[in-house]
Structure formats: C-alpha cells, structure tokens
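Chain IDs A, B and C follow the sequence of writing; residue 1 opens each chain.
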C-alpha cells in the first residue's frame, strides 16, 4: 500500500489504459539552494528507481555550477546562522523535528520506496530521524559547555577556549540511508552553527529533496542547508576542491573516491570528517550510541582560545 | 646661603651628554653545552649511526660556524625507527599503566628543569634566538608542557566524559626550526601521556636540542623505543608519514609542506593534526593603552625574530592614533638590540638559516618596490651571521605582498582602519586564521572582536603568550587540531564507548 | 542665527553686512557652545581636553615590561659610573618627628662627604627635610652646592587648608629651601575633583617662585596605574618641575612599574608640549641593584637626556650606604660590610 501511493514515472502508460478515476499530480523533485527550489542550470535530470528497480521520478542531475551556487548561498547564510543564540538555533532545529513529525506518512512512503523497506521498517527510519533532530537540537546550548574550557595559565591572564562553527561544510550524504543517514550527518553540522551543501544520495535522493521542503517551511533560514542531487562523480570532486568550503563530511564518500577527496580537500586545509577507522560501511544508523555523538558536532567546530590580562 | 640664592643655573639640563651606559654581555657562557662532534640517530634508546652512512653539518646561524655533524637518515632508518616504535608500543608502552607513564613524564619535566641552562644555551646556538627568550620562554614552557601532560596520563578516564580512550599507536611528528625544543614538547608530551610511541623528525637546521632531549630520555630510563628521533632532509619526513605502521601524523610548519603531507597520506585512516602558517592582524583601537600596545606589537613581531607562525605581522591601527602610535613604535624600535644571541641583553637574534634570510630580504625588497614606506632603526649588524634589521613598513595596502604573504621574519606591515567593521574585514581577509590581537580598553568591544575574528587564538591587550593548559591552533589554512590543554590530548587518543 | 542673514535681500552681494551679522551670530553660538562644554566638564572645568587625552595603562603589560628591563645587567665600567650617578641623584632624606638639629647636621655631613675615606665619591643632590628643619640643613650645607629640599603643603597627607599650604611653602623658602616637595590632595583627586588638584598645584608653583617644585602623587594611595598616569599628566600640566612617587609614609612607595608609568607620561608630555619634566622615585629603594634597575628603566624610556640629577632624583636614606659599599667593592675587589660605613 505504501508503495502504491507513490507516483511513478513508469506507471503513466498503464494508467491511461485503465481509465483512472483521477490523474495523479506528480511532484517535481528539484534542487534546494539559497532557500529556493531551482532546477539545475544545466537542465539535466536522471531517473530515480526504487529498490525494486521501478522508476520513481526524475531527479535533477545537478552540475558543478549548481555546487558553486550552493556554496555561495551557504557562505552568505553563514554569518547570520552562526550569530543566532544557541537556544534559538536549538529551537529552530527542534521545529524541524516538529514539522517532520507531521509529515511522517509522506516520508514513510518515500523511504520505503527508496530503500525497499516495509512499512514498519520505513516508519522506524522516519521516527528515528525525528528523534535525531530532537537529540541534536538539545545540544545547541550545551556543546560549548562540554567542549569549552577555562585554562589555568601560569601568569596573570584570564584564558578561555570556546568552540565556534567551522563555516561552510560540504556533506556527502550516506548513499544507503536516504533520510536517517542524511539527518544524522546534517543535524550535528547545523547545531554547531555551520551551513551546509549536501550532495544527496545518488540512488535514493527523493527523501532528501522532501526533507529540503520541510526545511524550507521551517524556520531554518534559506541558504543554511543547500541540497544538490545528481551524480557523485561529478559533484563530489567539485565540492571537495571548492576553496570556500571549510570542511567535508566524508562518511558518504565511496571508497574508491576517498584518496581523491582527501587530496582535493587538503588544498585549502579542509577538515575532513570520516567514520572511525574500519566502520565506514558498517555504521548502523539506528544505533543511537554509534550514530549520534557530540564528537560529530565537535568535528565541525573550531576552538578559539582567548587571552586577557588580569589587572587593575 | 639665603633663600633662592642657590643658583638655578645648576639645574641646567644634560642634553647631548655622552652617557657611558652599556649593558654587559650575557654570563651565559656556551661551555655549559658539551657538543659532540657527531650525533647519530636516537632509535630504541640508543644513539645509532645512520644506515645511509651520511652526515650533515648544523651551524650556528649567528656566526655561520659549524656546531656538529648530524646523521642524515634515509628511508631504511625511518623503517628502523618506525618498527622500533611499533614494537615498543606493542610490548611495553601501550600496556603500561597510566600512573607509570605519568612518572616517566614527571621525571622528564624535572630533568629538563635541572638542565634548563644547558638547553637554553644549546637552543640559542642552534636557532639563533636570543638567550633571554630560550631561557625565559622556550625552556620553562617545555618543562611545563611535560609537567602538564604527565598529570593527564593516569587521569584519561576523566578527560572525556562518557568515553574511554585508547592510544592511536605510533605517531610520526615533524617539527620546525623556529621553536625546536618547544615544538618537541608540544608533540611528545601529549603523545606519551596518552600511551603512544613516537618517531620525531626535527628540522634539519635545528636538530641539536632534540638530540640532547634523547639524553634526557636516557636519564629518565624511558623504555627504549618509546621516543625515537631521526634527523635528515624533508624527504624522510614524507617517508615517515607515509609509513603504513604510522597511525598518527602531527606536523608543525609551513602551509605548503602541510598540504604536501596531507596529500601524502590521502586515502588512509591515519589521524592528522596540522599547525601551519599565519598572517595575524594585531588591531589597535584609539582607546588602547598605547605604551603597552607598543610593547605588544614589538613582542608580536620581533619575538624570535618574527619567525613565529602566530606573529602579529599585520598591524591594523585606527587612523585617529596612527601617527602617535607609529612615532612611539619607531622610538621603541630604535632601542632594540640586534646581535649576539647569547648576549642576554639581545632582543633580536639571528635568522635561523640562509634560505630564510634570503626570503625575508626578498620580501623587504618587494615591499619597497610596491611602494610601501620602509623604516629600519640604524642599528649595527654583526658582520657575520644571518642578521636582518627590525623592519617597519607604513603606507601598506592590503594588496601588497608584505600584507598577504607570511614573511616569517622581523617585518611589520602597518595598515590603518577607521571603524571596527573595517578592522575585522581586513583582519579576516586572508586564507590564514591562526591568531589575532586586539587592543582596546572597552570590554564589550574586545568580546565582539573576539567573536568576529576568525582565528584560533585571540590575544586581547597582550600578544604571543603561551601555556601548556591553553589550546593553540588555527582556523582555515592555518591548520586543524589543537595543541595544549585537553584538546591537545584529544589529538592523540581514539575515543570509544565505555 | 545665520540663516536669518542669508535670506536678506542683497546680503549675498553685501559682504560686510553679512560678515558682521554672521560674526555676531557666530559669537553667540560659540559662547553657548563653550557654556555647554563647561557644564559638561563639571568639576574638571578647563581640564576636559587634557583629561580626555590621557590614555590608559595595562597593569600586566607594564609590570612585565618593568620586570624584563630589570633583568638587564650593565658593564663594569658603566657600573662604576652608574653608582656615582646614583649618589649624585640622591635626595638624602630624613622625615621623622624626632628629627633634631643634631640629626640634620650629621645627615648633611654625610651628604657632603658620603665616604670620608674616599674623596672621589661625589656629594648627593639634595637633603630633604621637614620645613622646621630647613634652616638647620641650609646652615650645615652652606657653600656645598647641595640643594635643600623641603616637604610642604601639609606633608604627608595634604589634608589641610590651601592658605596654610601656601604659607608653609613660603616659610620653607624663607628658611632657605630651594626645592619644594609638595603633596597632591589625594582626597580631591580620588573624589574626581581634578580641577581642585590642578589649581592647588598651580598655586603652590606660584608660591614656590624660582624654587624647583616636585609634586608627590603618593601613588600608593591612587590604586591604579591609570590614576598614576592621570595624576602625572595633571601635575605636569599644572607646572611641576618634577613628579615624585611617594611620601615614604605609605606602602607601597616607589616601585619599578609605577616609575615606568610616570616616565612614559613624562615622555608623552614632552612630545606633546616640549616641556621636559624630571622624575623622582622615593621610598623603598634600598640597594644598588634596585637603583640600577631604575636607571635602566629610565635609560630605556627617556634615554641619556634624563641621566642627570637635573632630571632624575632618588629619594632615599639607606640606599646611600649600599651604593658606597658597592663602590668600595668595585675599588677593592672584595665584598664589604655595614660596619665600615657610618650610620647617620
């Protein structure tokens, strides 16, 4: 039933013959850049198939220029997002959870179609995605208390260290987990005050685009999250090499692209976040202990140390 | 004598008088250092000859006289050192209880204190830095660093709440020539505290203090192979980081070499921290305590001849006080003593090596050619050795090379600003982000500037202060990871669930 | 207002009418503006601009700078000259309730010939006493060229009437003093009544006439280096010939950083006004080593032009013997002992 409710590209011809009661209004899956939903400037698309091989929809095949535009939007959004108070950022991310909760059914259908899960399995993915936003949202006003320090230096100075957002983060979303994997990577990046350019799962991009629609209607300002769908081999090298991207979340980078991504990333000394050695392909997104950690927030934070004399 | 009859003419001022006021040379005689003619590699707790059979000479940059011959390691020596470190990690150090590791580190800290003078003199001989800095800054910080991390070794379970720590394994550590011993401490102390073993490669122009440190390891009875030191050219550094048995790479040095190292280990699971270059802005507002700001500016750019990654090489001064501040600065520059690094009254010593001197001179020429105004005090430079005058450029534009490139020398570029926003914009307008300075009496302005400056260390109403408890490291192309404090420990552990 | 002038016909062609009327309006505007400035300045009437441009001092920075300078050591040849200079800069001081003619005479003897066994040792700069002892000192120092300094103005607290302060100043001069060491009114200063402090110094300066006026800030009561700097500028602007740290009756008295703050103020004051003012740390300087540290700070801050008793004095009593002991050591090559120097 879940699968039937999805509008399918391949279903068009059969439905004409069957004289349907109502022609389905299909959704156009677009990019999400700077708070807008543009099509690719390249005008290309590719067919997205469900786990069963049936075509689900056309997705935009984003271009390098789309990556460029997305980075520009993320950079522009960074100062405002970073400047929000921690509690405010937390509330905004919690609001994403609220909206996602209200659209659980829609996501359940899309995740099921994308990942070939049954209804219960898809529901678990969606529920856990909602909960993950909630978990990270609560970190907003606590992470600096966990990572920040007051340093007892050996002279008359007040010395403290505080975490700050790294800047624009490129996210190569996990290929397999279309929603929960993406949320698990995106939430810790956002809660620390970074903005993001996401390359969605290439084979399962549709839930990500729908997530972008949720973000667009939430209080997350335009440009804070930007989402590109398309071919990773085209998009990831561009993102990894972009000199205005400060960090790369590389958990979703295919093994055969890792070296190239690392080499491109070092050109402007990007921070590269990877799965702990040896766990890259085995990360269980449903396992809270493994998939949600303050370290993932810290991975996209800088530490700023401040000195000031203590005197009269 | 009646009232007022004492002739007021006796109050005539002494203008123009020649004052026989001269500072005495340092009592720090170099004979406290017993230099060997030759230094081998330090591998497995022993001094060993390089398998290459080759040696190179390290010199005193203030006289260009040779100090000693040092082993030129090859890849086979690297192999030997990494293998030894790996065995030490597996067999002894990795399994040693934290409380025992702690005691070794405390021992090292104590021995460094006991031999502080020897280390200070040797460091000055090999680097060219003034003895007052090696004596009062470098060596005390080195001992303090070991002391600080010693105490962590048996308290790791309290360091990261909810997590247990594991050492990473063998750490490859490559350090620069500006603070050879201090960078050694920044690298080795946290690595050992966390249970790693290390192979350290000092810079080829400043290997001696590391090789003397090898003797400290021996005196402390540190298990063989826990600390290994290989000397030689840059290629062996690359060979070292690429070695498959190396789990962790820590590098301090130029951004260009940092990127090379990053490329060399691309695609591997090696952990990495980089501490790279900088082009720090030192921002002075019109309400700043000017005389202390002048001291801070001088300390910011002339400390260690400006061969400091976090040097305050760009002075951003509010236009309304530019003139008096620059006047004061010029007066102060005229009192700087440039010369014999062993003289304890020397403020600015020798540039570490000929290549660096050439680079500094080239950039000074570029500054003049691009139209900035040059000021150098008329101090005598020694006839031999790598010396350069303290240099001040005014009328510098943001686009000039001297305002963009890391000079790594005693060259200050002065730019002006009108509003705080302009100061922030200029300060952040660089690919680097290591440090910054702010001088103002207004507390709220300090905090706002601190927030806006994209730099890993912000000194407010001070500059170039360091402490083992205080995390140090950069934003952007100045590197990633922190050294010092709790984050410095994090760079040498793997966190696991309890 | 000038707008009324502008709309008058022909006014723009009739320059003289316009300028006259403009002039009147302008005068009114200026008068009003000055009234507002005076109202704004309040108790600091006339000092607004001065006080507004004093700047501040960072405690940690100044103390680190002073400490680093104190580490310098000078050459042996310089040391002999420096110790000699220290003696020539000393204001040999006794300020006790039990001071008598006999005590003053003994001190003056020491001032003339600090080391009777060594005629090459110079005399001190001045002898500093209470007003009632000035005549004793003047008598004992006749013909020596040594100055007689008198504390005045209700020393050490300064908590008395201006009339008495002026009277005391004049009386001390009449008794033979040629240098006056006045104290500022710290009560007024700390209450923010800078104009009162300023005016009082001006009045005492006028009363002092030809005599040299040293203004004691009593830095130990001021609380911050910012206030030391402010008081220094205030005193110099009011006409001080010297600024002096302390009465010796308050702890802390002179310190190296406080002296550095005052020397930096002197440097800035000379740069702005062209007037060179002298400096006198007093109290707490007991050893040659300390005295040489003060000279180092002086040299590094104001240079050789200030390395003279005309611009630098040290208020001290026990320091002299320590300097003599050091000089004897330089001469004989062995350490001496206090038994070999007179206690006066």
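Basically, a residue touches a chain if its C-beta (ideal position, glycine included) is under 8 Å from a C-beta of that chain, and two chains touch if they have at least 3 such contacts.
These numbers come from a predicted model, not from an experiment.
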Comparing A-C with A-B, the busier interface by C-beta pairs is A-B
Of all the chains shown, whose C-alpha centre falls nearest the centre of every protein C-alpha atom combined? B
Chain B to chain C, mean C-alpha position gap in Å, rounds to 42
When centres are defined as mean Cα positions, the distance from chain A to chain B in whole Å is 39
Whole-Å gap between the CA centroids of chain A and chain C: 69
Going through chain C residue by residue, note those that touch at least 2 other chains and give them in order. 58, 60-61
Which positions in chain A are in touch with at least two other chains? 155, 157, 309
Using the touch rule from the top of the page, what residues of chain B touch 2 or more other chains? 461-462
Residue numbers of chain A touching chain C in their complex, please. 155-157, 309-312
Name, in rising order, each residue of chain A that touches chain B in their complex. 146, 149, 151-155, 157, 159, 161, 166, 246, 258-260, 262-263, 265-269, 271, 274, 276-278, 289, 295, 302-309
Residue ranges of chain B touching chain C (in the complex, touch as defined): 1-6, 8, 10-24, 27, 132, 136, 287-292, 295-296, 324, 327, 335, 344-345, 441, 461-462
Per the contact definition, I'd like the list of chain C residues that touch chain A in the complex. 58-61, 63, 223-225
Using the touch rule from the top, collect the residues of chain C that touch chain B in their complex. 55-58, 60-62, 64-65, 68, 71-78, 81-82, 138, 141-143, 145, 147-148, 173-178, 209-212, 264, 271, 276, 295, 299-300, 304-305, 307-308, 310-311
